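Letters A, B, C, D and E mark the chains in the order given here, with residues in each chain numbered from 1 onward.
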Amino acid sequence: MSWEPLILTFKLALVTTLALLTVSIPLSYWLAYSKARIKPIVQTLVSMPLVLPPTVLGFYFLIAFSPNTIFGGWLNEALGIQLVFSFPGLVVASLLYSLPFMVHPIQSGFSGVSNSLREASYLMGKSKLQTLFKVLLPNIKPSLLTGIVLSFAHTVGEFGVVLMIGGNIPGKTKVASIAIYDEVEALNYASANFYSLTLFVITFGILLTVYLINGGHLKKFWK
Amino acid sequence: RGNSDKLTIAVSSNMQYSIEEIAAKYTEHTGIACDLVVGSSGKLTAQIMEGAPFDVFLSADMKYPQMLYQKGHAKAAPKIYALGKLVLFASNKEIVPKLEFLKNDSIAHIALANPKTAPYGRAAMEVLEHNGLVYSVKDKLVYGESVSQTNQFMSTGAAQMGFTAKSTLIGTPLSQQGHWIALDTNSYTPIQQGIVMLEDDTAQDRASLSFLEFIFTEEAQEILKKYGYSTHE
Amino acid sequence: MINIQIQKQLDGPEGPMLLDLNLQVPMGQLITLYGPSGAGKTTTLKILSGLMQAETGKIMVADSTWLDTSEKICLKPQDREIGYVFQDYALFPNMSVRQNLKFAQPKDKDSGIVQELIQIMELENIQDRKPDTLSGGQQQRVALARALVQQPKILLLDEPLSALDLKIRLKLQDYLLQVHRKYGLTTFLISHDIGEIHRLSDWVVVLEEGSVVRQGSPSEIFINQNLSGKFKFKGEVLHIEKNEVVYIVTVLVHNEVVKIIAQESEVKNLGIGDAVIVASKAFNPIIYKVS
Amino acid sequence: MINIQIQKQLDGPEGPMLLDLNLQVPMGQLITLYGPSGAGKTTTLKILSGLMQAETGKIMVADSTWLDTSEKICLKPQDREIGYVFQDYALFPNMSVRQNLKFAQPKDKDSGIVQELIQIMELENIQDRKPDTLSGGQQQRVALARALVQQPKILLLDEPLSALDLKIRLKLQDYLLQVHRKYGLTTFLISHDIGEIHRLSDWVVVLEEGSVVRQGSPSEIFINQNLSGKFKFKGEVLHIEKNEVVYIVTVLVHNEVVKIIAQESEVKNLGIGDAVIVASKAFNPIIYKVS
Amino acid sequence: MSWEPLILTFKLALVTTLALLTVSIPLSYWLAYSKARIKPIVQTLVSMPLVLPPTVLGFYFLIAFSPNTIFGGWLNEALGIQLVFSFPGLVVASLLYSLPFMVHPIQSGFSGVSNSLREASYLMGKSKLQTLFKVLLPNIKPSLLTGIVLSFAHTVGEFGVVLMIGGNIPGKTKVASIAIYDEVEALNYASANFYSLTLFVITFGILLTVYLINGGHLKKFWK
């Protein structure tokens, strides 16, 4: 058993979660507060990556990112970015695929914050950005946590899309989920169990720590 | 279940085109309808071991059927019904596929099935080793879960060249997209594909058996040949 | 001069109601909005602060136009330099009392004021607590302090002292007045307490059903016009007690209890709980029943 | 008889504070809790209602034990038959005004009361609106109405009228008293308005820093002990005007404005804003400055 | 192309979402309000199905539910329930797999509701159950919606678990996601695209309707 796939997995999960957070906060903000007519459509679109089987979604990504297509070719030539069979490709694909897990909870968090808090902040001359970071986000911590945990866990377990677009290259795109899958396919159950257990235990540890910190259960150890 | 005039046939992905034709013929002769469950051999094997309601299993190799037999999930020892052929495919019409060409800089990715799980992947690795290419192309290799996925890599152009089963090219959309060459059968261990009749309730038995017999008839073997398998000599 | 001309359709307490104001207010004054529940007082402050939109109207503050619906001008709330005490306080739950004040403090202004306000408002010992563990009155004081920290040009106060006891209430009224004068603020106050209004305000605007029905100085608005005796209070009989030949009637007049000596003839129609007027004629105060 | 003996550690306004009460209250009375902000009034009501837990203590209501920490008895809030007006109203945002009242109405009790309360509280025209579009005073009235709909045995009112103008406030005070008597309720009121307390309550408990510092009837608590004149009010000078030979001094006494005729000698130390006492001696009322 | 897989898909998604809702409301309630020490652990466990690749998870389900094991055997003999290669099996597996998508948003919704609303309801003599249905749930509608949409969409696209435990049996366990996967595997892109598009359009329609109703955009058509 090698540690490479595990390290790669957590790297992918971390990068994806952070990138998702960055993308989802403005998007959720817009979805929560905008009165635009196309809002319900955007809201629906955000959920759509979920309804296609991951492998199929991965297949469409493969087509979109392939250097043969206009988009993929342009990325490749103009920017030198190759999205198929590469780590950045995995990140982009996971990002799109996990988007709803981040956007939906944050959006419902925003809609739960009393308007007068935002208004009070505006009256103090604070910009929308300051209000977002100092007032809104700190007050929707449970929703942010939900978004982060769901996206993180989901990216750890992500498989179909990654399999499709990653090409199972050891050290580059062979994440733990694929390694486990390989072992199951090869009927090496002992090995698969071992991988699964390791993945499970590590993720369990990470999430448990997050929840303990969030619940204030760890405070006594700091003081 | 228990519908005795229906067969559920589990079949590995490299057979997905030929099996349709064979099953159609079989139904024509016997009046027994067939449900086809296509998947990777490993997954199908795992399911069979947990009691999947399949009557017959056509694997891409002998390893899985053998194991099923040993663990008591099969009625009788597996038999080889066909030998798979490995081909080298180039998805760009401009390129005439040749093994040496794999080293060319214009080839960024070479697709093959996962050697760990798929017999066609194992064969492809053997070919590369045989020709001393492993070292020079190893950074270009991308692995599909199965032959089917390998084909998807190539058909989308994500991989420029790759190894696949001949049976998945004959008369399929992919063959229109590029050129392929068959590889020297001496450069890889023959891909023996096994069929096995599964341990099951007796109502299905006769039908299973008749299908097993049917696949070895001249008619079925001709179809297999047409799809690029060589049959048991 | 602040010039307010606004119209807005509201769901009033008696069905649809048009808030329709036309007010001219000199800068530097303390103006009270007075009127029954649902008259449109809070809405007026919200429109003034830019948090609500008027359907049509114009707001000019000194030389700058804050709102002109005909020209589609509407200054953002951020740029209006307004301090606002909300009826529901709107304290930030994620910040401690001190952080709430710090957050409100403009970068370019005196920072000693945070400490000063924490003292004045008697918040020293709770300054590190989060708002949700504070009592109602404590929250209200934090809200007031936070609005003052901003050192705004215009102060909007929506019943800023309603949850406080008399002692601290009087103290904060003094302080408010002092701040108002010291910084030359223009202050709009909503209050139901007539004493408070008298003590604080230069001008009273009485709103009813969305319209201004009266305005003037507090005494103009609240002086009892039909004063006939030299001095005259409404009150309520709390107790009647026979004391040798006379009766001692205990009357509650506002917050104070008064004992009045009366003759048997005066008390014979009186019962406990009766509303009465206590007035002083030339000689002894006399007491008589109202209607 | 209601017997309350409770201790609870709180973060008081001056650091840690022990709420430590020992009260005996006859059933059927209207008891007011009075005291400065942060004294523990709201906490007392919360413990009484079972929403907060006392660390140690015992609450007996008539014959039943609601709380006994030594025996680990604690009656659920659901079973205490309490009506409670929260300081922050706690109206259900998903229900209209009428639905809020309907929800509170016990199945087995008179259902005409919903309609009655909607009328008394002047909520007819807003009965189908959701709470978040209501003005502050409207919300407060809905909260009070909702507590009364329950027809509880015990009514807990946390500043139930603070956001209302004088007119409706007086009306609702009357109504409260009427309900209190009609249904034989035992009512605990928190109020800062001394007039209101006088008008409504049988008994006043003054809390300070978590302890009872005084209790008694309203007049015992609020009567000015050193009354020397026959009648005597505190007030504030609003205006002094020379009128031929005498001066007319306008004084604000609570919510009413009084004009008093004074001699030059009397006004010479007086300035606008001075606190004064107005009292009636044997003859004309006189006026003199306080300290 | 056959409609069977599509019908099966929406049947599965509907049944799973409803079942999830039933299970998740009490669980989220407990997670939001309990002070038990094991709470962070339960909270973490709920997210764990996500971290295993669906196919692998499906594999473990397969083993767990198989009549060869004690649990599966007991189910089979005592109750006559067979969970492998059957529709009920799909439901149970999807339920476990989609649990976090329902539980997390609802839980963060509950934690956002002001305590005094619950308390007010208790004081009106309402039981916890009445309070839950009349006060809490109606006030966390955005969170419920998030949970429902995520679970529904996720079950529609569910693939790995379903493939493993369902076995791709037409009319019984061959849902749309697997049908699409089959077509992609067979390189029948036209057919795959058609299936995908149909699935996409129908789900888009369903979710859009949900959002429009929720946003009150459809009210004018009712009056």
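Observations
Note that a residue touches a chain if its C-beta (ideal position, glycine included) is under 8 Å from a C-beta of that chain, and two chains touch if they have at least 3 such contacts.
Predicted model, so just to flag it, every value in this text is computed and none were measured.
Taking the definition of touch as given, a chain qualifies here only if it contacts chain B and chain E alike; those chains are A. Taking each chain's centre as the mean of its CA atoms, B is the chain most distant from chain C.
Put simply, the C-alpha centre of chain A and that of chain C have 51 angstrom between them. A straight line joining the Cα centres of chain B and chain C is 85 Å long. Of all residues in chain B, those that touch two or more other chains are 43, 46, 149, 152. Within chain C, the positions touching two or more other chains are listed as 88.
In chain A, the positions touching at least two other chains are 59, 181, 184. Shown are all chain pairs that touch, namely A-B, A-C, A-E, B-E, C-D, D-E.
Chain E meets chain D in the complex at residues 114, 116-117, 119-127, 134-135, 138-139. Across the interface of their complex, chain B is touched by residues 59, 62-63, 65-69, 82, 84-85, 163-164, 167-169, 181-182, 184-187 of chain A.
By the touch rule above, chain A contacts chain E in their complex via residues 39-41, 43-45, 47-48, 50-57, 59-60, 100-101, 104-105, 107-109, 111-112, 142-143, 145-146, 149-150, 153-154, 156-160, 177-178, 180-181, 184, 192, 196, 199-200, 203-204, 207-208, 211-212, 215, 217.
The residues of chain C lying in touch with chain A in their complex are 49, 51, 76-84, 86, 88, 90, 92-95, 103-104, 106, 150.
Residues of chain D that touch chain C in their complex: 11-15, 34-38, 41-43, 87-88, 122, 125-126, 129, 133-138, 140-141, 158-159, 162-169, 192-195, 198-199, 218-219, 222-224, 227, 230-234, 236, 238-239, 250, 252-261, 278, 280, 282-285.
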